[in-house]
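Same chain, two partners: chain A is paired with chain B first, then with chain C.
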Partner chain A sequence: MRKLNEYNKSRELFARASKVIPSGIYGHQGPAEGCYVPVEAFPLFSERAEGSYFWDVDGNRFIDYMCAYGPNILGYNDPDVDRAAAEQRKKGDCITSPSYKMIEFAELLVDTVATADWAFFAKNGNDVTTMAVMVSRAYTHRKKVVFFKGYYHGISPWTQKIDYAGVIEEDVCNNIYTEWNDFEKLEQIFADNKGQIAAVIAQPYMHGNFKDNELPAKDFWAKVRKLCTDNDTVLIVDDVRAGFRLDLKGSDHYFGFEADLICFCKALANGYNVSALCGKQFLKNSVSDLSYTGSYWLSAVPFAAGIACITKMRELDLPKILNEKGEKLKNGLLDAAKKNGFDLRITGAPSLFYLRLADDNSLITHQRWIAECVKRGVFFTSHHNHFINYALSDGDIAETVAVADEAFKAIKGL
Partner chain B sequence: MRKLNEYNKSRELFARASKVIPSGIYGHQGPAEGCYVPVEAFPLFSERAEGSYFWDVDGNRFIDYMCAYGPNILGYNDPDVDRAAAEQRKKGDCITSPSYKMIEFAELLVDTVATADWAFFAKNGNDVTTMAVMVSRAYTHRKKVVFFKGYYHGISPWTQKIDYAGVIEEDVCNNIYTEWNDFEKLEQIFADNKGQIAAVIAQPYMHGNFKDNELPAKDFWAKVRKLCTDNDTVLIVDDVRAGFRLDLKGSDHYFGFEADLICFCKALANGYNVSALCGKQFLKNSVSDLSYTGSYWLSAVPFAAGIACITKMRELDLPKILNEKGEKLKNGLLDAAKKNGFDLRITGAPSLFYLRLADDNSLITHQRWIAECVKRGVFFTSHHNHFINYALSDGDIAETVAVADEAFKAIKGL
Partner chain C sequence: MNKDNRTLAFINLYAILGTVPKLLELDAEAAALCKGKKVSIGFKVKGGPSGTLAFNDGKCSFYSGLKGAQVVLPFSSPEKFNALIDGEYTPIPSKGFTKISFLLKSFTKITDILTKYLRAGKKDLENEEFFTKSTLLMFNVIAGAIAQIANEDRVGQASASYIEDGVIKMAIGNDAAIALEAKGHKLTVLDRVPEDFRAYMVFDNMKLARQLFDGEVNSVAEVGVGNIRIGGFISMIDNVNRILGRVALYLA
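Moving on, here comes the complex of A and B:
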């Protein structure tokens, strides 16, 4: 039996953090947001990371299936990406005139991503989702935007919910919410709002939190694509989370259609801070018309890292490898569940798998199992999809399955 | 006479960039935005930077008074900041659980910035100005926000103008615009909107583009502070541009008052990509109530860089040094103008000086002079404030004044 992790130093640091940082740690990575439940099973601060692992401040090592919520795709501290970034760092990062690395990065994205006739760089996924909506409004001279319930497109007021703190009615009054995979309802919305819909914004499949992830229904995307084209509505794919884990050409390409605008962040440069909006030629002038920039958006180090990351992912044909690793893990976890008499559901793409124990209608059994895995050094979260990275080895997968088995045994009969 | 710069490679690269990037280069740093006029005088892409200089792709060296539009405060590639960042890089940057460096950085800001009872980190200045408005709305349960004309608070739709591309009426319909330094008008606005104003957002002084910069009138800030307090309105200082160049305790402290929320970015980590919102204890819970995070917001390398940057700025008492350098440059430029019979106006803080030749009412004479400086290796821009950095030497200042003198002679009699 494995020794269970203790988190004394994490807890001490969290108390210190809470004095000077609202919530102590904010966002998903903090204990307040619902994905780290039960909170006492989780570490809160890290000391270092390498490959498929990170070590917390108490010295516990984790096989990490969250990958910093996506950015870690090649393994932490990938030597090729870090070398390219360090070389650029010597020359300079954030300079009055931008480095020509920006051009090379844009050319590489245009060459890689199916729908990309151009690329524009920013810092956050949120910068490029917000920009995509603004470009759509500028191009169409319309206001309304259709969202699929369960979406996450960042944190700007326009993409939050009316009952969230700091959001006002005007922020969201042009949003229309509909159901994922329900084409008839979407068609009705277009009929009811003829000539008023600037954009449909969607993730490539429904990978929302707190529920089983849902791939697109047969022909759903083809029909949505045609509906948008027929109505001069801009089709935006938010590939911030799934990007480069399904298909290097874009997750739209993976599902057999072409978006008008596609948003990337996270895995774009293996954690170096950069995001990108790519899109079709007909929208390029509308992008130029926007007033849209940021202090660090021309930083050259993340450009150099992004070039190295995309180049390596292409050489490896990485999404295929990540999905094979995900498939292997999935089979191991399902076997372990079955052997112990549990009903484990694994949904979404294997490289972005979502876990749920369906043995009872409460979340409690599931959360207990996740907690027992985390306390044994396998970093899952309870209600968020996971991420596979290239450094994850067969040994890591075998150890994960062994830990999962032990965790099932630990919760049996509780 | 100095040889004039040529920019053949910059132009070739710009043509290449234009194919794959909307506008070729976006924002202030591109030729489309109005600060690089006449465009042919300016380089467009850089090769490297060091200290107070950068070199463009044609091998021209510039004494750089734009400092990447602010981030470069200690000199490009400052060895102390880069060493701290490189050490953290070896441990990890963007990790599933954040590094404890986040706590140390927050504690240092709370210890440094007068109004900071807490700190929250993001990536863009825009992230924290938007957050400041959301926090104000969450706390007050009000919608309206007062802006001073000539402001720049980032690029989210709420802070843009109704006639800008991609902006809709709902984005800006709760904004009230008034005149900088006009307290009576502000008082009237508060009377007309009793109990409805969530926040006043302002730069510490008016450092807008295309006009002489304007310091606060006597008692203006004291009266604004009292008006906000009396009306339970949140006072937000946007110190993204001026921060740490007037006062390490915050530009509000420099002008003798305390903001409720203060926004930092740019100079916070000498160019490493991080921004911060700091504020008063009474707003801390409202920050926690927001749903607000980003993929890279817990990156540890910029935290380590920020700690090293603030520590060094404190050891040096940096704002004093930057303003002395700015004062020396100002005197030299004014002398050179006078000697050549030109009416040069230098406004704003010396560390953030704004230049204007007031000899005619058109912008042409001014732009010609700026162009002649840039072509001789002194990087000014025509209609944006400038930035002083610590690496700028007395020799650099002397060379700048010599170039300015030559540039005055070049435009005389044109």
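Moving on, here comes the complex of A and C:
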């Protein structure tokens, strides 16, 4: 039996944080939005990270399946990426005239990503999803945008819903929401809004929270692509989450179609902060027309890191490796669940797997199991898809399966 | 988005007047006012809700519609009914003139007691018994208001459209529990919490619940420190919380 983690320092720090930071840790990495159930089972602050692990402030080590919610794709502190970043840092980072690294990075993306004729850089996924929608409106002179329910495209008001705090009706009144994989309904929306739809924005498959992830139905993307083309509507793929874990050429390429615009962030530079919007030639002038920039958007260190990251991912043919690792983990977890009499469902791509115990429809059993795993040093979440990174070893996978088995026994009271 | 009078009328009827039965359970003075009496009062709001409070020997029940109502108070609009709740309008019964003395005396006193608990002053709340009753009644009102906002308010309906079928348990420690049942994106308050609830939100204690109701603490922050426990199908809780955000708009 493994020793269970304790989180005394995390708690102390959270109390301190709560005095000066709204809700202590805000957003997806906080205990509320992160669905830490119960909160006592989870670490709150980290001390350091290396490879496929992070250590919390209490000294507990975790095999990390969230990878900072995606950015860690090669392993924390990857030596090749860090070396490239360090060399660039010596030369300069945030400079009045941008570094030529920007051109090299754009050229590499154009050479790597199937649909890319150009690249535009920013900082976060939300910067480029917002820009993609603006470009679609600038190009089409239309207002409406179609979303698939269960989406996540960032945190700007247009990405949120009418009932979210701080969002007003005018922020979302041109949003049309429809069901994932329901092409007929989408077709009807186009018919009902003839000549008004600027864009369809979608993740490459439905990795919504709290539910099994859903791959595109057969021919779904081909039909959506044609519908957009026939109606002069811009097709935006938000590849912020899945980007480079399915296909280095873009997740649209993986599913056999071409987006007009594709958004990247997370895995783009292995944790260095940069995002990119890539797109087709016909939209390039519309991008140039936008007034859209930021203080740190042309910093050179993340560009250097991004070049090193993409170069290494290409050399490794990384998505293949990540999916093999994910498949190995998936099989181990399924065996452990079966052996213990639990109905574990694993959906989505193996490199981005989503876990759910289907033994009850409330997720309460699932949350208990996840908590027991975390207390034993395997960082899973109960509501969100997970991420595989290159540094994850066979030994890590074996340890994860052993922890999962012990956690199943714990919730059975054995 | 602004509040609308029709939704407010539903809240005033189902959540505010709908809390009278709970008041009689908790407060002996209120219960004594209808001891030995059997009177049912119906509220009929044109373009809005209708419901009946049935008093029977110190107890009371509330139900939708006017069936069996001995006294019927008609309101020509939601605004008129809301004015009654604010004490700015006196309706004339369309039926049940013989029960008018109960209406004018006992019922008015009962609603005055309810107002005292729901709009409690700081000094009153220093009394522990008053504090507990007041908080429990507020809990009842808030649960009722969540359901009405989910069902009637345009923004609340948007939140409810994302709530899957099932029961959400809301509790204050081991002191009180209410359930909201979601079915077809409509919410109903259940008096008893079934064992197979699908999501839960439990406030650690009465004081915390009160602070939350009064807007003195934030639910996201309190989840972080473990003073509010959430679990199960948490997206149901997320959406209930968004509706809860509108309760303050209506009941402020």
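Everything that follows uses one rule, which is that the second predicted complex is superposed on the first by the 411 of 414 C-alpha atoms of A that agree within 3 Å, B and C clash if a C-alpha of one lies under 4 Å from a C-alpha of the other, contacts with A are read in each partner's own complex, and residues count from 1 in each chain.
The criterion applied here is as follows: contacts are C-beta pairs under 8 Å (C-beta built on N, C-alpha and C of every residue); 3 or more make two chains touch, one makes a residue touch a chain.
Fair warning: this is a prediction, and the values are worked out from it, not measured in the lab.
**Q** Contacts for A:168 in the overlay, against chain B (first) and chain C (second): which applies, first, second, both or neither?
**A** After superposition on chain A, A:168 lies in contact with both partners, chain B and chain C.
**Q** Of chain B and chain C, which one contacts the greater number of residues in chain A?
**A** Of the two chains, more chain A residues are contacted by B.
**Q** One more residue to check, A:394. First (chain B), second (chain C), both or neither?
**A** So A:394 meets neither chain B nor chain C here.
**Q** Name the contact category of A:299: first (chain B only), second (chain C only), both, or neither.
**A** In the superposed model, A:299 contacts chain B only, not chain C.
**Q** One more residue to check, A:230. First (chain B), second (chain C), both or neither?
**A** In the superposition, A:230 contacts neither chain B nor chain C.
**Q** Tell me which partner A:315 touches in the superposition: chain B (first), chain C (second), both or neither.
**A** After superposition on chain A, A:315 lies in contact with neither partner.
**Q** Could you look at A:158 and tell me whether it touches chain B, chain C, both or neither (first, second, both, neither)?
**A** The first partner, chain B, only.
**Q** May I ask you to decide whether A:210 touches chain B, chain C, both, or neither, giving the answer as first, second, both or neither?
**A** Touch partner of A:210: chain C, not chain B.
**Q** Does the superposition put A:25 against chain B (first), chain C (second), both, or neither?
**A** Both partners, chain B and chain C.
**Q** Under the contact definition given at the top, report the residues of chain A touching chain B in one complex and chain C in the other.
**A** Touching chain B and chain C on chain A: residues 22-23, 25-26, 32, 164-165, 168.
**Q** In their shared complex, at which residues does chain A touch chain C?
**A** By the definition above, chain A touches chain C via 14-15, 18, 22-26, 30-33, 35, 37-40, 161-165, 168-169, 209-210, 361-364, 367, 383.
**Q** What does chain B use to touch chain A in their complex?
**A** Contacts found on chain B: 10, 13, 16-17, 20-23, 25-29, 32, 42-50, 54, 56-57, 62, 64, 66-72, 76-77, 82, 86, 89-100, 102-103, 106-107, 109-110, 117-120, 123-127, 130, 133-135, 137-138, 143, 154-158, 160, 164-168, 170-171, 173-174, 240, 265-266, 271-273, 275, 284-299, 302, 379.
**Q** Could you please specify the touching residues of chain C with respect to chain A in the complex?
**A** 1, 155-156, 158-159, 166, 196-199, 218-221, 223-226, 229-235, 239, 242-243, 245-246
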